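Notes to accompany the following structure.
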Amino acid sequence: MGLEEAPSGFLLTTVENLVGYFRKGSLWPVTFGLACCAIEMMASGAPRYDLSRIGMEVFRASPRQADLMIVAGRVSQKMAPIVRQVYDQMSEPKWVLSMGVCASSGGMFNNYAIVQGVDHVVPVDIYLPGCPPRPEMLINAILALHDQIQREPLGVNRREAAAAAEAAALEAAPTHHMTGLLR
Amino acid sequence: MSVTPGGDVERSPAATEGTPGPDGRPALEVVDVRRGMFGAQDGGDTSGYGGLVVPVVLPGPSERPYGGWFDEAVDVLAELLDASGTGYAAAVESVVVDRGELTLHVRREHLLEVSRHLRDDPDLRFELSLGVSGVHYPNETGRELHAVHHLCSVTHGRRLRVETTAPDDDPHVPSVTSVYPGADWHERETWDFFGLVFDGHPALARIEMPDDWPGHPQRKDYPLGGIPVEYKGATVPPPDQRRSYS
Amino acid sequence: MSPARSTASGPSATGHVVDDDTTGVPSFEASGGDWSTIAEEAARLGEERIVVNMGPQHPSTHGVLRLMLEIDGETVTEARAGIGYLHTGIEKNMEFRTWTQGVTFCTRMDYVAPLFQEAAYCLAVEKLLGITDDVPERATTIRVLLMELNRITSHLVCLATGGNELGATTIMTVGFTAREELLKVLELITGLRMNHAFIRPGGVAQDLPAGAVGEVRAALRSVRTYVRQLEDLMLANPILKLRTQGVGYLGLAGCMALAITGPVLRSTGLPYDVRKANPYCGYETYDFDVPVRSEADSWSRIGLRMEEIHQSARIVEQACDRLEAMGPGPVMVADKKVAWPAQLALGTDGMGNSAEHIREIMGTSMEALIHHFKLVTEGFRVPAGQVFQTVEHPRGELGVHLVSDGGTRPYRAHFRDPSFNNLQAVSVMCEGGQVADVVVSVASLDPVLGGVDR
């Protein structure tokens, strides 16, 4: 039952591959600008960098119509419940891109007002460093996320992959046990 | 103000009353006393700097002439305050001219009247309030909280600063919103960050922090609230818990 | 104490009440202020009252601004603004960093106009140090050049996002394309597109790279083309006129009472501009006009910002001429304590000092090593005192209140941000208007929430 026996005009693939292909091809981000990074996010959508080249220029105003949340900027303690609410309002499947160091880890604002990483509030699929990251970096992160979505397993495979990832995370050395050069 | 060999700095009454100190120079405003160096308070002092005592002083009251338009403005204000029965000396604690800027230290019970004169008199006409900034001096006993109003006169092209103080256990200053409605949010912000209650403010609610936030985060006794950062075997404490050199 | 002091005038909605039943879990009580009247009114009106919550996640509120609108049909009867969703604690963070490091923090306040916070902060630090007159002429001219380029980009963002919020995407695309031209130049000069931290106490971090002045002139030419496109697109557009004319009115009396400055104040006819009223960085020596309008509505503010772009371009050209005429020179004060770490001789890995520099310090002078160590670990000291410095920000008068206790870090840094102050006008501008006009009014105020919340 090899590929060569299929009649012409057919392409064979897996459901996972096909679903991943469709999902990554119609990723709609929610307009969720917080701080400096939001300006760079807007610049990415503007003609010079032109996110529409990869079919991403439709920023949805309503989270219910979006499947990607780009957390662009520092998340304050006051904003954290709203970030979570927006995330909850998005329909599955959904992804989160943490744009900039403030959203990823609190960055330079290690203080009372800022949540030290948006992953305390919502699960993050991809982290993008930079303060703020350039539009090219955002586009690169989105393309990396596309790749991730394309390869995303489904059903039992997904559960197995999640279990394997968790086991690997439990095995891994915590950062404060790592040694070596600080770079 | 005197510094005793034991390292105690006594606040002389001159420091607040605005009269010259014993050596004839104007007394300075002591806000804090710094001891030792390199932040090593707990261990044995091998540096030899442990006994260092440095009073932290802000510029003290100035002598006339203040220079420029400052004399004229203060004269006009004094005239108005004397005419209204309040008395210039009762309302204005001291006048500080430093780095080309005029600061009026006003007693809080007369802040509203002084602001009204500053805004309304045609020779003063400070019609623009550029907001209120709080400053917390935890070691300036009885005057811990300062509310610093910055005023601007578009008519005359002048700027001045009106400073009011309140003790920590009675953190009340009058609100100037009846004179400068634009001070509304600035006073809410100062309440939010410093716990200064502006009496007479129409709705003194928190503005920047969530409504149920405990404490007033920009006071000096409120920690910065950072977390230690771990990276490859190294732990970097938040900036306020690192060794400080001054 | 003021006789007005009573429970009614106390702080509202602030107290933590620890209830015995909840054993230490802080419960929250809303009281004081006008809470009782609000609660009474809410109970009375019941379902007749419609309160629309707009934001903080809303595409047309210019960031994380929250507006609470009480509406009657399409008419806004009451508007309140809720802010603080981007409060970053920058002022507190600055108290734990050296005077030079403070620039890195304050540049991130109003991220659309970062160079103005840097300039205001550095001017204030220089005033505290008493070195205002020692700052080299070349550094001051570079500051003016950068600030005016930044003013153009900021106004372009204002026009672009304002257009976008009205649904006119072309205005946004043209505005952002023009902004990119200037960002290329800013990146060439400062190394970053935003959050530059380029202006430092005592001067600027680096001299202009070779060919920068030519690039500035070239960028200005293309920006002028784009601005002409924007003018063609906007200034005779009947839809834009219908949406903005007579909307968001705030007269001179209202502006003065609420201390509104910047284009909103100038749209009422008062030519108040800090660059003219209280010059800094030698603005009195530049030839430029302060455009004013008299209609005091959103439409006049659009035209005003267009004119300000042209005036800023004039200043940029003059600054370019001066930079070319004056030739190379120092861009930092001669005092090496204040100047560090500008103009570092970088090592091969791009980090830290070069090997030759370290060899010189380590090998030739013990004192140099001690000084270097002290400077790097604690920074320079600033004499005790307080100053207030204002600059003309694209959105109004930006004030910096700095207090020093004689140490190596600011004792208190407070920024009087124009966006923060101007947002107080939202209620006055929106009440009585239509819901759709709220977006127009907020766009004409041009608040940047990073500056509002700091």
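Note that the chains take the letters A, B and C in the order they are written out, and that residue 1 is the start of every chain.
Convention: a contact is a pair of C-beta atoms (placed from the backbone, for glycine too) under 8 Å apart; a residue touches a chain by one contact, two chains touch by 3 or more.
Worth saying up front: this structure is predicted, and the values here are computed from it rather than measured.
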According to the touch definition, list the chains common to the neighbour sets of chain B and chain C. A
Identify the chain pair with more contacting C-beta pairs: A-C or A-B. A-C
List the centre-to-centre spacing of chain B and chain C in whole Å, with centres computed as mean CA coordinates. 24
Using mean C-alpha positions as chain centres, tell me how far chain A is from chain C in Å, no decimals. 30
Centroid of chain A to centroid of chain B, CA atoms only: how many Å? 47
Where in chain C do residues touch at least two different other chains? 84, 87, 89, 92-93, 453
Residues touching two or more other chains, restricted to chain B: which are they? 208-210, 217, 224-225, 239
Note: chain A residues in touch with at least two other chains are 78, 110-113
Considering only the defined contacts, which chain A positions touch chain B in the complex? 77-78, 106, 110-113, 116, 174-182
So in the complex, which bits of chain C are touching chain B? 1-2, 4-5, 9-14, 16, 26, 28, 30, 32-34, 83-84, 87, 89, 91-93, 96-97, 127-128, 130, 256-261, 270, 272, 277-278, 374, 377-378, 381, 384-388, 390, 397, 399, 401, 403, 405-409, 411-412, 414, 416, 420-421, 423-424, 453-454
Residues of chain C defined as touching chain A within the complex: 56-59, 63-64, 84-90, 92-93, 104-105, 108, 111-112, 157, 161, 172-173, 176-177, 179-180, 183, 193-195, 449-450, 453
Within their complex, state which residues of chain B touch chain C. 31-32, 34, 54, 56-59, 98-101, 103, 108-109, 112, 127-131, 133-136, 148, 150, 152, 154, 157, 159, 161, 170, 172, 174, 180-186, 189, 191, 197, 199-212, 214, 217-218, 224-225, 239-240, 245-246
Could you list, by residue number, the parts of chain A that touch chain C in their complex? 31-36, 38-40, 42-43, 46-48, 59, 61, 63, 73-74, 76, 78-79, 82, 86, 108-114, 131-132, 134
